[in-house]
Every structure is written in structure tokens, then in C-alpha cells.
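A short worksheet on the structure shown next.
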Amino acid sequence: MIEVFLILLPFFGGILSFIIPKFNKVIGLGTFVLTLFFVFGLGLQLLDKGSYYHFIGGWDAPLGINLYVDGLSLVMLGLTSVMGLSLSIYAKKYFICKQSLWFWTIWLFMIAGLNALFLSQDIFNFYVTLELIGLSSVALTALSDTKEALTGAMRYLLITLLGSLFYLLGVALLYHGFGSVDIVILSKKIESIPVAWAALGLMSIGLLLKSALFPFHFWLPLAHSSAPAPISAILSAVIIKASLYIQLRLWSSLFIPLGADLYFEVLFAFFGSLAVIWGSIKALVQTRLKMLIAYSTVAQVGYLFIAFSLALGGISIAWSALVYLILSHALAKSAMFLVAGNLLHFHGHDRIIDLDRIAQRLPLSTTAFALAGVSIIGLPLSGGFIGKWFLLEASITKSNWVITCTILLGGLLATGYVFKVLGFTFTKTAFSQETKNISLSMELIPLSLAIMAIALGFFATPLFSLMEIGNPFFIIRVQP
Amino acid sequence: MSTLFVYAIVGIGLFSIGLYALIMQKHLLRKLLAINIMGSGVFLLFVSLSMRSVTGVLTDPVPSAMVITGIVVAISATALALGLMIKIARKSAKAELCNLDQE
Amino acid sequence: MTRFFVVIVVSLLFIGVSYAILSLPQQAQGLSQAVYTEMGKSGVSNPVTAVLMNFRAYDTLLEMAVLFVALIGVYSLSYIKKEANLRLQSSVLQRLGGILVPFLLLLSVYLLWVGAHASGGAFQAGSMVSASAILMFLSGWKFSLFPQHTFVRLLLSLSLIVFLFIAILTLYMSKELLLLPVKEASYFIFILEAAATVSIGITLFNLFVAIFSQQKEKK
Amino acid sequence: METLIIAELLFDLLLSGSLLFLAYKTLTCKELFQAIVFFIVFGLLLSVTWGRLGAYDVAMAEVVIGAGLTGALLLSTFMQLNKINNKLDEEKKQ
Amino acid sequence: MNVNTYIPLFVILSSFVPALIIFRLPQKRHTLRTFLNLFGIFMTLFFVLWMFIGVYHNQEYLFRLPLLPNLDFSLKAGALALFFTGLSSILWFITTIYAIGYLEGSAHSSRFFGFFSLCITATIGVALSANLITFLIFYEILTLSAYPLIIHRGTEESRIAGNKYLFYTIAGGALLLLGVVWLYVLTETLEFTPKGFVYTIVQEHHFASMMIFTLFIAGFGVKAALFPLHGWLPLAMVAPAPVSALLHAVAVVKAGAFGIIRVVYEVYGIEIVTLLHLMTPLAVIASITIIYGSLRALFQDNLKRRLAFSTVSQVSYIILGVAIAGPVAAMGGIVHLVHQGVMKITLFMGAGNFAETLGVHYISQMNGIGKRMPLTMVAFSIGALGMIGIPPIAGFITKWYLGFGALDSGEEWVLFILAGSSLLNAAYFLPILYRAWFLSPPQSWPDEQIFSKTETKLSLLLPPLITAFFSLIFGLFVATPWSPLSWVQLIIEREFY
């Protein structure tokens, strides 16, 4: 029963802040604090009872919609609420009054959508949540109100709609092929007929568009780099992972039993590797900080799909790698975007070569960036390192040396772009720049996110046992 | 086989035409129209596929309900896109509303 | 070159998906049977309404949220004047509006009412409401339905509020979200539909007005 | 009976043909205004199709939302864009 | 679960916690900063001494924390680990005193001392690691925390040097990571064990074992500045003198060499490495590096650059000693960790004093500097002569055991390398000594600062004198039970053979 409140509460908060805009900050923050408590309660309940279903309306599938809670959804919900709360505290200072009028409502609705998505077990319901998330993130991206942001938002909107349509087409095919939209029922009924394969292709394309895997990444850098800082953070941290999460659910229960993994394994590995290399190189040559961070996301998505590919290849440790990479990337990348937001505010620009002794003048932000960078590169001891360790372990177990080399090369390139920035934080520019003050909480939030990304490195064992509640990656292969 | 099944193929046709136009057309409004037509194609397919064997007496209500949901989602997205478009036109000070291609 | 490539890809897509649906098994897979068996417990006799408002009411809740977010998204994009003064100066339209509006409003009430057992329902009724409001607006009627008023904001979010209220109520009663008790289901659904009609109507109308009269920001 | 089936078939073919045609015209015709008008007609025809498929609820929603309101939104956007263009032209002249 | 379990952790924390506090100190709090630094050092020294005594009496200190399924974060104070810990903590003490004299009062000193302590934390962690993953963790922390020190001055030149350093070391780290994970996939353990653990797989995965060894050597070789991976080291001399001392004598380079020792003795084991025919190539690379470094040093006019190339050469003695594969040579190699440390730190602090007091950076400017700064120059000379291998200074002991060990293992060619490198060492150090002592000083120094009582600041003068003294007594009292050599003998007896 607790899980339902994770959806209802943000909705309620959103509406309340819409009706009483005067108190929207208080309402927003309060909602997030409560949500975090509920996630905590959900975790306790899960540890106690194990994974379970909630039949909405009392109608079991196929007629009704089922919610499902297991370790994987818990981890994602936890991530969402932690990100939600910290970004809200940041946003409270970040948005000036005119923008903030509508910010909180859309923001809370987006979080509600995310929570609904992570709890859902119904492929049509996934579609609706995807649309809710998509539209709200577009609206939030456009809050920057610059030409780049608007163009980025527009492109993002078109892509996310296109992706949803591809996905919906797949849903239609699955529904008519097997007579249900519930994942569990589908997984029992699915068999290898053309319509299943068509659905697999269409849904994968749609979701890949949304999670911006190379070569579908073209829309991402502009949208992510031009959005307001907290929005960039949530976009890179959680939103693109939401569609990946759906992929995970679909594959582990529907498509792997089809035997599709054998083909897609290579495909995902190929495009994942290209994404890592391409994204990193593009990040390396950027002159603007936010653009650099956005391209780094392109590269990191590549890692996620490499892990996905290895997992499809039957290496169970790659699932852990995937989830760990999702978590650590989320925390680290959002810290980076928030730091970039601070710098933009501080200097009024984000040109990398003119960072002008940030290391001394904004030590907390610089530290946050450095720690986040450590996790992004995958240096020990950080969440990123654990993810990378598992990834390497999986790829070596598989004797896949191309992937192994890609992972290492990606790490080197990441070092390149992270320290390109850090190097310039020590140097001084020839001309003097005007600066503005930054409130302490805007510095502390990215720092604590980065510290969390590092701290993930210490909690691998308990997190794994939490993640495996309900055995989300237990896969039965129906036919070879 | 019911002839209504033909509409499913028409649906895919609409989807394909829309996709083609979405990629090839430059004007944002056209792209939006293309998306809408693609959506209509998907909806058409969704409803008409349930006509495969029955003769149209007992329409499967679930796809219908889902399509209504889809239509509402589509108009929401369209409205947001149009709002964005007007704003972009204002900001970019350009007569043509092209999807600025830049890396 | 690009065109050629795109044509190839799109045709492949067309052929592939067409092949897939042509090779579908003859017997339609669907939930008609399940829906019709449970219709008795749904509280309404129109199966589509039953699906929308009972079996998959949760989807409808999210869908209302999508519509709501779209509206606020459009608001956040633009500065909207309190009194939109843009009107079509057409006497034909004014006349037409005068005749059509009462008729449309009546129609929407009918649709809402009939939705329980025949085609119709909240979405259709709500969009009728908005259509009539737009007609009134265009033909120059002075009325104000803008979000500066708390009352209007309440109306805009009415359907979500009612949905959430019923959600909490059902949780309290049965520990299942949106489990409508069989006996009272029809009342619940009617309340939901009425609220949705109002919200959808005003939301769609406001969307139109926001786009129709989007102004340049005053610095 | 035979003729009825043939008539039905003809109707279906005509309807689907015109749907495809309208979609094609919407997306390729030169004038933007025309495209919008084509789209509205497309929406109307689509709702006829829904009726033909027996999905009367959808037909009703489509005619009001899909054709009517979307059309209204598109047209008002078109007007807005025109206005902006005119303003820009004037500014250029000055 | 007694207190002994936690002592390795305490050692780490006693430098880590002060580092964290120092980071947040405002620039003005000189006294507090110094106090914290010294407090951390004394705590560390105390614990290290405790463990020295304990280990001598066969007490075990092992700390474990689960990190990944089947992999622990573990620290263990064995004889070898303590040897390196002792070296770095004592030299840390001396360098800190020196650094306080050198940098306190200049800008950003909180940042500097914070990262300085962090470096030491990482080095001690490297020393105490009980398995490869813990080793890797501290090794990379060391890499990172040295970076801000190298670019501390914030000039364009230092930024480029820092980036080059980072490029080399991170690439090395990546190779290392690959090797470690690969090894883990094959053996499913990473725990350091006397005589190694690779023998379990060497039959089945012969090629893989060779590849992994190569990866390890390449990975550690970057930090140990093995030819051709040494490129970053000479550039990094743009950093302030205490940092150079840290890089060359205390932490970074030594960590690489220490890693090679660990891999050869406690991951693979001498026998397996010999079996894989990898010892001779390693010895050859070490020899090439020795000669190459010396040759390059010969042609540098910049004093710190010459010293840097000298380090390239000297560190490879350690590796050579390991690679000769005999207990005697190993003694020579391992004891050189300490000997090279004290001598090279003396030299760098001397160079730092010249730069700081007189503005002298180039050897050609050093004419008669012995008359202006006699004490510093005495220390410098002891270090230089030790490097050449003049008895009774510590460097001689190293060379003696290396040569003896080479004969012992039947690798006579090593003698030629030793002789050749000693000649080269003499060729690049003696001219400096000649200039400094026997030529007449110039009219004025480039940038002279006058101190009334002594030739330079006391805190700059004392440290090199102390380390020079160490290099002397380590050579003179080599036979006493508390000399480094005796401890190395203990290590070799207990852990290697």
C-alpha cells in the first residue's frame, strides 16, 4: 500500500502548489521529504515481505493494471526521491520568482510520473507515464527561455513523441498478438512469431530514441546543456534511465525468452562502444562546460548499453554492473550539472578556458566536480569504479577484448575531459571577470551528491542484496 | 478475414508516410503534423486489428479506451509543441521555422 | 541521397510491420471477453467507459495529469494577458456562436449523462464544453476563465483532485487503489466523469486561449 | 448480399485511399495553411473511419478533439506565426 | 577483535582526518594548520612504531571490510608493508617541516597541505594493502592527490605538466585495472600471499599469466618511471620543491616500485615469473632505464631536471634488484627504497634551498655556491656522493648487494651495468660539486634573500641536514639490527624465500 503514495503524494503536492502558488516552495520540499520517507518505508516493507503486486482497482491483470515492487524498482525509486529532494533544495535557490511560479507543479508531476513508471508492470501504462515524463521534462527544459533551450526542447519533444509512437505501435502489436498488456501475462504467452519480433524492434527503437543511444543521441546535447541546471541534472540522471528501465523489464521478461538476445547482444555492444568513443571524443573537444557534460552523458549511455549487452550475453554480474552504473552516473552527472549551473551563475558564462581560479574561489563546487569526475571516470573508490569493475569482470569473463578495450579507452577519454576542466580551475585568466555570489546550499547540494556517488563505492554488498529482492533478473529461457 | 483488417495496413501506411515526412520536412509545424498523422496511424492499427475475426459487432473496448487516452495525450503534446513553436519563432527572429541543425 | 536512404528505411519498416500483422493468428486476441464478463461489476453499461473509468481508471488518472502538465507547460512558456483582447471580428461567427453555444453545452451534458450506457463520456463531453467556450470566446463574449483566479485553478485541477480523493477513499476502504465498490461504482464513476468533463473543458479552452493570444513578454 | 459486400469493400477502399491521400497532401502540399486544412479534413475522415470500425466513442472524441480542437490550435498558431513574420518584415523594412 | 585489528586503519586515518580538516581551514590559520600536520605525523609515527615492534615479535595486524562480494578492503601490516610505511612516514615528517618553511605564507597553503597529507595517506595505504584491489584503490588515490600538487602554482606550464602526468598515470592505472580484473576473473582471489598465488592457474592460462604480468609491469612502470614510460617525471619538476621531494623520494615513484615488488614476490612469486621467462626482460628494461636516465641527466642544465632523470635511473635499481631473482640482490633492491629515498630527498631539498634562497635554478649558476651556503651544500654533496656509490654512504650498500647478488645468480652482465651507471652518476654529479666548492662565486645571485643567523631559513636548512645524516648512518651502521638492511633481511627471510 505504501507504494501507491509514491505516486499520489507528488500529484497531490503538484496540484496544491498549483492552487496555492504562494507556498509552492514549502509544498514542494515537504512533498519530497515525505516521499523520501515513504520510499524508506517501502524498503523496510520489501525487506520484510519480499516483492509483491498491487492490483489497482482490485482488478487483476489482464483486465486491470498491476503495480509491482521489487529490488530493482526500489533502487530506482530511491534514486528518484533522493535526486528529487536534493534537486528541489537546489532549485529553491536557483529559480527566481517568475520561473518558479509553474516550476514546482511540473516538477512534482514529473516525479510522480517517474515513480509511476518504476512501479508499473503494464506496457500501456508505461506509455502513459513516458508521455507524462516526456511532456513535463520538455516544459521544464524550456524554462531556461533562451533560444538554445527552446530549440533543444522542441527537438526533444519531437524525439520523445516519436519514440513514444514507436513504442505504442509495439504495444499495439503485442496486445493483438497475445491479448494482454501485462508483462507477466505476456511473458507466459509470448512465442516466437513475426509480430513479437516486430514489436521487439519497434519498442526497442522507440526506447533507444528516448535513452539517446548512439546514433540516436543527436538531440541530447543541446537539450541537456541548455536546460536550467537542476533540470539538466534530472534529465541526465533519471529521465534517460527511465526508458532504459523499461527496456530492462521488457527484455528480462519478454524478449530474452524469445531468444532475441543473441542478435541484440552484438548490436547493443556495437552501438554502446561507438557511443562511448564518440561521446567522449566530442566531450573532449567542447569549449563550453555544459556541452561537455552533456556529451559525457552520451558516452555514459554507451556504457549502460555495453553492460546491457553483456547481461544479455548471459553474464549475470553485468546486471549488477548496469544498475550500479545507472546509480553512480545519476549522482555524479547531476553533481556536475549543478556545478556547471553554479559556474554559469558565478561568471555568467561556462567557457572552460576562462574558469579563472575556481579551485580557490569556489572550492566546494570544484571539489564536487572533481569527486563526480572521479566517479564518472571510474577511479577507485567510487560508485563508478564498482560499476566499471563489474563491467570489466563481465567482459573478461566473456573474453570480449574489444569491449574491454573500449571500456578502458572510454575511461582514459573521460579522464581527458574531466581534467581538462579541472586543469583550468587552477589557472588565471588574463582579464578580470565580474562574479556573483552563490548561496551555500547551491554549493553543498552538488557536493553531497558527488560524495554520495563516491560513497556508493563502499556500499556495494548491501546494495546488491537490496537489489536482488524479488530476483528482477531471473530469466527463464523458453527456447534456445 | 474481415476487410476491416485493411485499415490496419492503412494505419501502418500513415505511420510510414508520417515518419518519412518527419525526417524530410524542415518546417517544425509540418513535423508536428507528421507526428500527429503517425499517431493516427498507430491508433487506427490499434483498433482495427481487433476486427480480424469478428464481424464488427463486438468491438473490443480496451483498444478503444486506450486510443481515447492516446488522443488526449496527442492533443496535449500538440498544444505544448505549438506553444514552443510560437516562442521559438519570436526568439529566433526568423521567418522560417527550421529545426536549426547544429552540432 | 538522404531521401533515398530514408525511403528505403521507411519502406522496410512498412513491409516488416505489415508482414507481421498479416501473419497474426486468425483468432483475435483481446480482452473483449474479460470485459464483458466483468461488465456487471463495473457500474456502467458502456464497455469503453467501464474500461476508462473503472478497469483502467489509473491510466485515466495519469492521462489527466498529462493534459494538466501540457497546460502548465504552455503557461510557463508565455506571458498571458489577463484579458485576451484578440477576437475575430466576424458577425457571422457571433451569430453562429449565439445559436451553437447553448446547443453544444446541452449536447455535452447529454454526452456526459449518456456515457454510462452508450457512446459518449467525459472526454467527448469535456471537449464539447471547450468547443463551446472557444466559440463564445471568439465571438466576443466577456468572461474570464484564466488561471489568475484561484477558482479557475480549482476547476482546472478538479478532475485530478476528485481522482486523488477517490483514490485515497478507496485505499482507506479496501487497501486497493481505486477499487470502486460494486454497488456504488456508478455514482463514483459519474462523479469522476463530471469532474473530468469540467476540467477537460476548461483545460482545453485555456490551451487554446494561451496559444491564440500568446504575447511577447513585457520587459 | 453480394452487392452489399462489394459496396462495403468499395467504401473501405475509398475511405482508406482518401485517408492516405489526405495524409500525403497534408505533409507535402506547398502552403502551410493548406496543410492545416488538409489535416482537419483528415481528422474528420478519420472519425468516419472510427465509426466504420464500430468505435463510436473514439469517433466522437476524434471529431471534437482530433479534428476540431487540434485544428483550432493549429490555425491559431498559424495566425500567430503570420503575425510574427509580418512584424519581422516590417522591422526589416525599417 | 582487539585493538590490533584496527591499528592499520588508525594509521591511515591519522593522516587522512587532519587532511580533511586542513582543507577547510582558512588561509590565515598558520598555527592550527601546522599543529594539525604535526599531530597527524606524530600519531602516524606512534602507530607505525607500535607496529614495528609488534611485527618484530610476530604480531599480526589485519583489518578487513567487505567491499564487493568475495572481495575485501583489507589492510595488513607485514614486514615489507611496514618497511615502506616507515620510510614514507618519516620522510613525510621531514618533508612537511621543509614544506612549512617553503610554502607557509604563500597562497593556497590549506589546499597544498591538505593534498600533501592525502598523498601520504594514499602512500601508507599502498604500503599496508593486503590485496590487489585495496592496493589499486590507494594507488589511484595517490595518483589523483598528487595532481593538484603538481599544478599548484597555477601557471600554464604547470597545467600542462599536470595534464601530462595525469595522462601517463591514468593510462598506467587503466592497464593495472585491466590486469587486476583479469587476474581476479582467473584466480578469484587477489590476496597477497608469500610466494604468490598465480601458480594455481599458470598451467591452464600460460599466455594470460604472461599478459597480466606485462600489464602489471607496464602499469606500475609508469609511476616507477621505467623507460619508455618516464616522460611525465622530468616535466613534473615545475612543482614546488617539497612536491618534487614527495614525488621522487617518498610517494609516487616509490609506489610504482613497491607495486612491482609486490607483484613479483607476492602475486606471482619468483618461481612463476622465472618459469614464464619474464625475469630477464624485466632486468633488461631496468638496466636500460638505469643507463638511459643517467645519460639524459648528463645533458641537463636545469638542476631539478638533472635530478629528475637521476631518479629515473636510480629507481630502476630497485627493480633490477628484484629482477635478478636472488635473495642477496633482492636485499639490495628493496633496501634501495629507503636509501634512494633519503639521498634523493636530500638532493631535492638542497636544490629547493638554492632556488628559494638565491634564485639559482641552473647548474651553470652554481659556481661557488658552497661558499654562500656551506651547510646545504654539504648535505647536497653527501647525497650526490651516495648516489654515485661512494662508501660509506647508503648508496654504496645498495650497489654492493646488487653486484654481489648478480654474481650469486650468475648474471654477470649486471656488473657492467652497475659500473657503467656509477661512472655516469659520477659524470653528472661531480661537476656540480666541483663548481660549487672550487669555483669562485659570482658578484650577485639571481634573487638573493638574506637571513641574519643562518644561510637560509632554519626550517629549510634542517631537513636536508637530517636526511643527509640518515644517508650517512644507514651506510655506516649497516650491520646493526635496526638498520634498514637488517629489516630487509627479516622481510626476505619471512616473506620471500
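First chain written, first letter: the chains are A, B, C, D and E, and each begins at residue 1.
Note that in this section contacts are C-beta pairs under 8 Å (C-beta built on N, C-alpha and C of every residue); 3 or more make two chains touch, one makes a residue touch a chain.
Everything numeric in this text was worked out from a predicted model, so none of it was measured.
Common partners of subunit B and subunit C, by the touch rule above, are A, D.
For the remaining chains after leaving out subunit E, touch-based grouping gives one piece. Ranking B-D and C-D by contacting C-beta pairs places B-D first.
Each chain gets a centre from the mean of its Cα atoms; the one farthest from the centre of subunit E is D.
Of all chains present, the one whose mean CA position sits nearest the global mean of protein CA atoms is A.
Distance between subunit A and subunit D, defined via averaged C-alpha coordinates, is recorded as 37 Å. The geometric centre of subunit C is 20 Å away from that of subunit D, both derived from CA atoms. Spacing of subunit B relative to subunit E, judged by their CA centroids, is 68 angstrom.
We define each chain's centre as the mean of its Cα atoms; on that basis subunit A and subunit E are separated by 43 Å.
Shared contact sites, meaning residues of subunit B that touch two or more other chains, fall at 9, 13, 15, 19-20, 45, 49-52, 59, 62-66, 68-69, 71-73, 75-77, 79-80, 82, 84-87, 90. Looking at subunit C, residues 17, 21, 24, 28, 30-31, 35, 48, 56, 59, 63, 66, 69-70, 73, 77, 123, 204, 207, 211, 214 sit in touch with two or more other chains. Not a single residue position of subunit E touches two or more of the other chains.
Of all possible chain pairs, the ones that touch are A-B, A-C, A-E, B-C, B-D, C-D. Within the complex formed with subunit D, the residues of subunit C that make contact are 46, 48-49, 111, 119-121, 123-124, 127-128, 130-131, 134, 204, 207-208, 211-212, 214. If you check the complex, the residues on subunit A that touch subunit E are 357, 359-360, 363, 374, 377, 379-381, 386, 388-389, 392-393, 396-397, 404, 408, 411-412, 415-416, 419-420, 422-424, 426-428, 458, 460-461, 464.
Partner subunit B is touched in their complex by these residues of subunit D: 8-9, 12-13, 16, 19-20, 23-24, 26-28, 32, 35-36, 39, 42-43, 46, 49-50, 52-55, 57-58, 61-62, 65-66, 69-70, 73-74, 77-78, 80-81, 84-85, 88-89. Those residues of subunit E lying in contact with subunit A across their complex are 23, 66-69, 107-108, 111, 133, 136-137, 140-141, 143-144, 147-148, 151-152, 154-156, 158-159, 162-163, 166-167, 170-171, 173-175, 177-178, 181-182, 184-185. Those residues of subunit B whose C-beta lies close enough to touch subunit A in the complex are 15, 19, 22, 28, 31-32, 35, 38-39, 42, 45-46, 49-50, 52, 62-63, 66, 69-70, 73, 76-77, 80-81, 84-85, 87-88, 91-92, 99-100, 102.
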